[in-house]
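Some structures are shown below for you to check.
One chain, subunit A, appears in both complexes that follow, with subunit B as partner in the first and subunit C in the second.
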Partner chain A sequence: MPRATSDARLLIQSLSKAYAATPTNLKIIDLYVVFAVATALIQVAYMGLVGTFPFNSFLSGVLSCIGTAVLAVCLRIQVNKDNKEFKDLPPERAFADFVLCNLVLHLVIMNFLG
Partner chain B sequence: MATTALEFLPAPLRSLRLKTKQQELLLRVSTLALIYVLAFIVRLFSVLRYESMIHEFDPYFNYRTTLFLTEHGYSEFWNWFDFESWYPLGRVVGGTLFPGLMVTAAILYRFLRALSFAVHIREVCVLTAPFFAANTTLVAYAFGREIWDSGAGLVAAALIAICPGYISRSVAGSYDNEGVAIFALLLTFYLFVRAVNTGSLAWSLASAFGYFYMVSAWGGYVFIINLVPLYVLVLLVTGRYSQRLYVAYNCMYVLGMLLAMQIRFVGFQHVQSGEHMAAMGVFFLLQACISVSNASPAVCLISAIAASATMKNLTTLIRTKTKSPQAASGKTTGSKAAAKGAVDQSLPFQQNAAIALLLGAFYMLSRYAIHCTWVTSEAYSSPSIVLAARGHNGGRVIFDDYREAYYWLRQNTPPDAKIMSWWDYGYQITAMGNRTVIVDNNTWNNTHIATVGRAMSSYEDEAYEIMQSLDVNYVLVVFGGVTGYSSDDINKFLWMVRIGGGVFPVIKEPDYLVNGEYRVDKGAAPKMLNCLMYKLCYYRFGELTTEYGKPPGYDRVRGVEIGNKDIKLEYLEEAFTTSNWIVRIYKCTLLRLHRLSTLYLVPPARNARLEVAIALG
Partner chain C sequence: MAGRRLASAALLTLLLAVAVAPLSSAVRPVSDAHRSAAAELFAPSADGSFGDLESTYEAVRTFHILGLDKDKSLTGKVCKFAAEKLASPASSLAKDLFHAVRISGALGCSVDPGVYNGVVARFKAVIKDTNSLLEFYYSVGGLLSIKEQGNNVILSDAESTFHAIKALSQSDGRWRYDTNSAESSTFAAGIALEALAGVVSLADAEVDPSMIGVVKNNIVKLFDTIKSYDDGTFYFDEKHVDANEYKGPITTSASVVRGVVSFGSVASGKLDIPGDKILGLAKFFLNIGLPGSSKDCFNQIEALSILENNRLFVPLILSLPSKVFSLTSKDQLKVEVTTVFGSAAPPLKVNLVQVLGSDSKVITSENKELQFDHDNNVHYLDIAPLKIDVGKYSLVFEISLQEPEHETAYATGGRNTENVFVTGVIKVDKAEIGISDNDAGAVESVQKLDLLKDTKVSLSANHLQKLRLSFQLTTPLGKTFKPHQVFLKLKHESKVEHLFVVPGSARQFKIVLVEYHPHPLLQFTLLVFSVIVLCSLNHDANRTNKDFLGLVEKLYYLSGRYDLELAVGDAVMRPQKKPHAHLHKLLTRSLQIWAKGRDITHIPCAREEATQGTLACIHESYTSAFYRILNRGPAAFASLFHAGIGAVLLLYVLFWVKLDLFTTLKYLGFLGIILVFVGHRALSYLSSASAKQKTA
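Up next is the complex of A and B:
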């Protein structure tokens, strides 16, 4: 038993050490993704309490969170310097695309909210 | 090399002294322009032969809604409740159609009007499909160039321009969803493939908008929402996962799904219906695959690539002959040169074979083009609402009876008249006759259609009570016995009996059959000879001689002399019969008092009629 807990502690320590090495901008994006997913989970829990009516409002709330999370993950992929697939893409362009997609996402959400 | 190529050009072009790259660009652009024009003009046969009009049945509904949109604006259109069809139920039009086609035509109309072209909306509607077919060739070119090269793109564009399957759904006059939907389909696929190739969020956004246009245009959008995930799945299975794929699909799925749910007719289907679950499944699968490391062609695209690659190889083969003497004499140790020399010596007739194959390919493609044009001209350019036949002297005879009847309705009936007919003609009656109908092609309410079917299959008095309950003023039937037109109501009668009998057990199909078949001659069942449809179709037909050498009352479609020639109508009177007897319209007269006793349906809506009848005695 003690070996298992010490192994787990070692694993967590090595993971957090590796993660601490990532650049700050990526860590900010990761935090944003965690925030978005947490907000989505809170909304789903609330829906479990009060029911699905009105369904379009529930969907637009949850999908706006999932949508921003997905777009943030895409941004992280494109901005990460370790990704060879995107080394030709300037990070400014990636961010501009991110902003544009978020704009469209939130406009549609506002229309769908009801 | 450049000078020898220039010798083949005509004199005026030679003076331009274009470089090879510019020559190639000129060739490409001019070919594409010709293909664009070809795609448009090959769809214009029916406009040249008949006139610029809307074909068939469903396009009339689309035309009527587009007309409403241009006259009343977008907000009214989106919230439109139609009182003129499915009387007395009405129809929620705004929430039960795909608005893409109507909005596209309305935008084109406004654009042309803004440029001071005083076009009528009908002309815009007639030519929308050929215009979008021409645009589809451009998308096909871009798509072919994206996945192979510009040669394949040109061949793909050419094939799509004359492909008979596509032409049949997009001729001038066929104002239906597929006309713009196929353009949207190809555009969405192209944009998605481009997004996967570049990994750019902007292209994914564009493909999401393409998908939104597709959803707004056609119910067949389900095809895309299943094919794109399938494509992604195939890429995953063949080990071609890449982060660009992740970015492209995720962005397109989330944004596309949200945009699609803005169309009321689609509603929440993207998260509820089983048909859309594959896309969601692949979405979740991709989240799992994100750390793992590293294409929707229509038949036209695959064959385009095959054709283009084959022709390229053949032409290269022809051209190597001129280069090979130099390579062989070079005495190099490179394996390529040795191979070329070896090939050169072993097959001396290779160049001739290549030329023969190229000529054969050219012949096949030109025969294909001729075939497509012929098929379009013969089979796909019929407007269906105007019929044509050959007279005995070979000249063309036109039957314009449908429009004659609808215009008669428009001009000779009160504006609030209700017309009862079989559902096939509903859209055309509301669009051209501008009158309220009981049932139409939307066929959303089977019981209502069964009520009409029951009325048509009952005896005249029972039918009249049903017509009273529905406030029917006129009845319209289609009859082909004089002209030999076989898509008439007598041939459709078995469906009226079956559908009516399916809801109202009082209609029994065996009552109309003799030895299991429907007959209209002397040996027919008595219920058949006296039902409303029979009476309305064959009223006064017994006196008419239709064919030389045959007795009067000879039905040219069924090929028999009719059984009941002495037809008398009690509750209806003949209002109008078209010049070739194809469409016949009857008017409902006042209810006789002594027939009031058995009303086993909803009581008549107009009690005033009862009082008038009582007053008249």
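Up next is the complex of A and C:
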């Protein structure tokens, strides 16, 4: 299906062009999210190979990655200037929230890690 | 059996000392055990006495009955002790004179007749003046003892003495102590009957037979108050007496036996007392076993010696020299029928009429006569033809006297029941050990355990798999055997031991061992490592299995070599020593790697050091940065902010490795306060700077 392939290629190109326009700080946050999710996937793959023992360690690892990815997404939403909802929220405040939530998340993670 | 090397299927069979139900009669005739007990209980003091006169008499009489009075020097000392008391009758109590006279009589001391004259006069004076039962008893008894030592003693006016004693009797067969007291006592009845018998013996003329008849009725009424236990023993006990006057069933029963038998021997005609009550009294005294106090010992031995050959009924005791019979060594059932002191009984037959199982189920009702061995005076029977398996049984015997005239002279008790244990070697075979994936799943790797050789087994399992151990127990008659108790002991090479009682129902025993996370204070994390040991005994003809049921236990995680010991015990098993199995429990790789970081024994020491390090670090950073905070610019705040985050993450790492939650939260609190302060300053500076940039 040549038309489908070329359509897909066109779609990807337009997306990457639009993405290039995003501010650098958002790109950094996106990279961080991608890194966190990839780490989670690597951990799942490892568990698939080695076995579920010890299961709580696996859970805490995956939860840490997903949790920090979620918090990073929240930070991105709050920091994004195009987002009208969080217009009045200073990005420093959003970053402070991000740091605090991550610290709490990692406290829980370290507890559950075992 | 000593030569064989009995090996390893993790079975150590024990013979449990505790029987399921107490044996109904531990009755054995008086034996050397009683003699040694008496020698221990009665210990003479330096002057040859055993305490006061009463205790001395009790000791002397007991030794005489048991044949222990061989010590001539002791006899001499005791005679001297008694003679001192007899020397001055006028100033002594009737009680002391009574005991002194009896001591002299028992030991055969040579007493000057003049001394006895004075004592006799004293006794007679007491009888004339008193109206107390005890005084009558002592005086009459003393006079009787003097008469038995060869002196001529007559009690004049015996009838009035008889009346005086008789007047203290009550309608229920008991006696009062004197005219003033309202309380009656069974013990007093015994004393009174003995005193009345003494009066009749000492009387110069015959006592009115109607009075004798009245006393006989009293005795019958007294026997209506007798108490009994379920196993056919009878005894007398007081009902309405003060605590300080209570003498206990042994003393009371002995007193009644003395009184009744002595009165029965002087009264013409026979007393109307059933033979089984006499036998019951004899069994009561024998059931005491070895008595604990000297008074109980005296009462027991004297009562039994009186019953040994009395005019009423001589009790014959059926006893078993051994209550445990082995099928494997083909033991014979042996029964002895003797008098209470172990003397030979008259010719009689013993029949085994019934065998009852542990739940009173009738096993066999065939009437089997026991053969009599004249040389050893024992009745015996082979138990192999009875076809009974190992277990606990009640045997019912019947004694029948061969001469008809002995029926009125001896009390046999008709049917006697005895509990016995039949034991045998329990064979263990078909032992297997293996791993299975789940309860219903097939056994993955089965390894046979040979009982005759010492075997080691290596197994590896992870937390989803189960260990399965099975074996078969058979009795000598070939039936399957369910033991009374099973214990499981797991001993690690580091000497950590876990003992589990395995509960059982009709078919199943199962035990589930749950592993706790070894971090002692972290209760949030539970690692469940289930090792289910299945051991099954079922009643299939080909294979017997037993599962261990629903008991969750904690096992601190330790991989390595385990000694698995299964202790199977029952009262009917014969002891066999077998070494235990060695179980090498290997675990999956990840488990072992993970386990390496967890060494419980090192935690307390390392924790202190870690705390010291962290605390020092925090303190240093705090003090050094303290004065810079308020005075330096934004760069300092930013770096402090990042340092704070770094410190928190470092704290988390330490938390993971060494610290516990509460310590961590404490330090996190300190760090958090610093971080919030510094962070707020840095971020607010940054936001104000960017706001200025926007407006500018």
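The working rule: the second predicted complex is superposed on the first by the 114 of 114 C-alpha atoms of A that agree within 3 Å, B and C clash if a C-alpha of one lies under 4 Å from a C-alpha of the other, contacts with A are read in each partner's own complex, and residues count from 1 in each chain.
Here, a residue touches a chain if its C-beta (ideal position, glycine included) is under 8 Å from a C-beta of that chain, and two chains touch if they have at least 3 such contacts.
No experiment lies behind these values; they were computed from the predicted model shown.
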item: More subunit A residues in contact [subunit B versus subunit C]; value: B
item: Which superposed partner A:Asp97 touches (first subunit B, second subunit C, both, neither); value: first
item: Touching partner for A:Val73 - first (subunit B), second (subunit C), both, neither; value: first
item: Which superposed partner A:Gly51 touches (first subunit B, second subunit C, both, neither); value: second
item: A:His106 touches, of subunit B and subunit C: first, second, both or neither?; value: second
item: First (subunit B), second (subunit C), both or neither touched by A:Pro23; value: neither
item: Subunit A residues contacted in one complex by subunit B, in the other by subunit C; value: 56, 111-112
item: Residues of subunit A touching subunit B in the complex; value: 55-56, 59-60, 63, 66-67, 70-71, 73-75, 77-78, 83, 85-86, 89, 94, 97-98, 100-101, 104-105, 108-109, 111-112
item: Complex contacts: residues of subunit B adjacent to subunit A; value: 199-202, 204-205, 208, 242-244, 246-247, 250-251, 254-255, 257-259, 261-262, 268, 271, 290
item: Footprint of subunit A on subunit C - complex, ascending; value: 462-463, 517, 519, 522, 524-525, 527, 588, 590-591, 594, 645, 648-649, 652-653, 655-656, 661, 664, 668, 679-680, 683-684, 686-687, 690-691
item: Subunit A to subunit C touching residues, read off their complex; value: 50-51, 53-54, 56-57, 90-93, 95-96, 99, 103, 106-107, 110-114
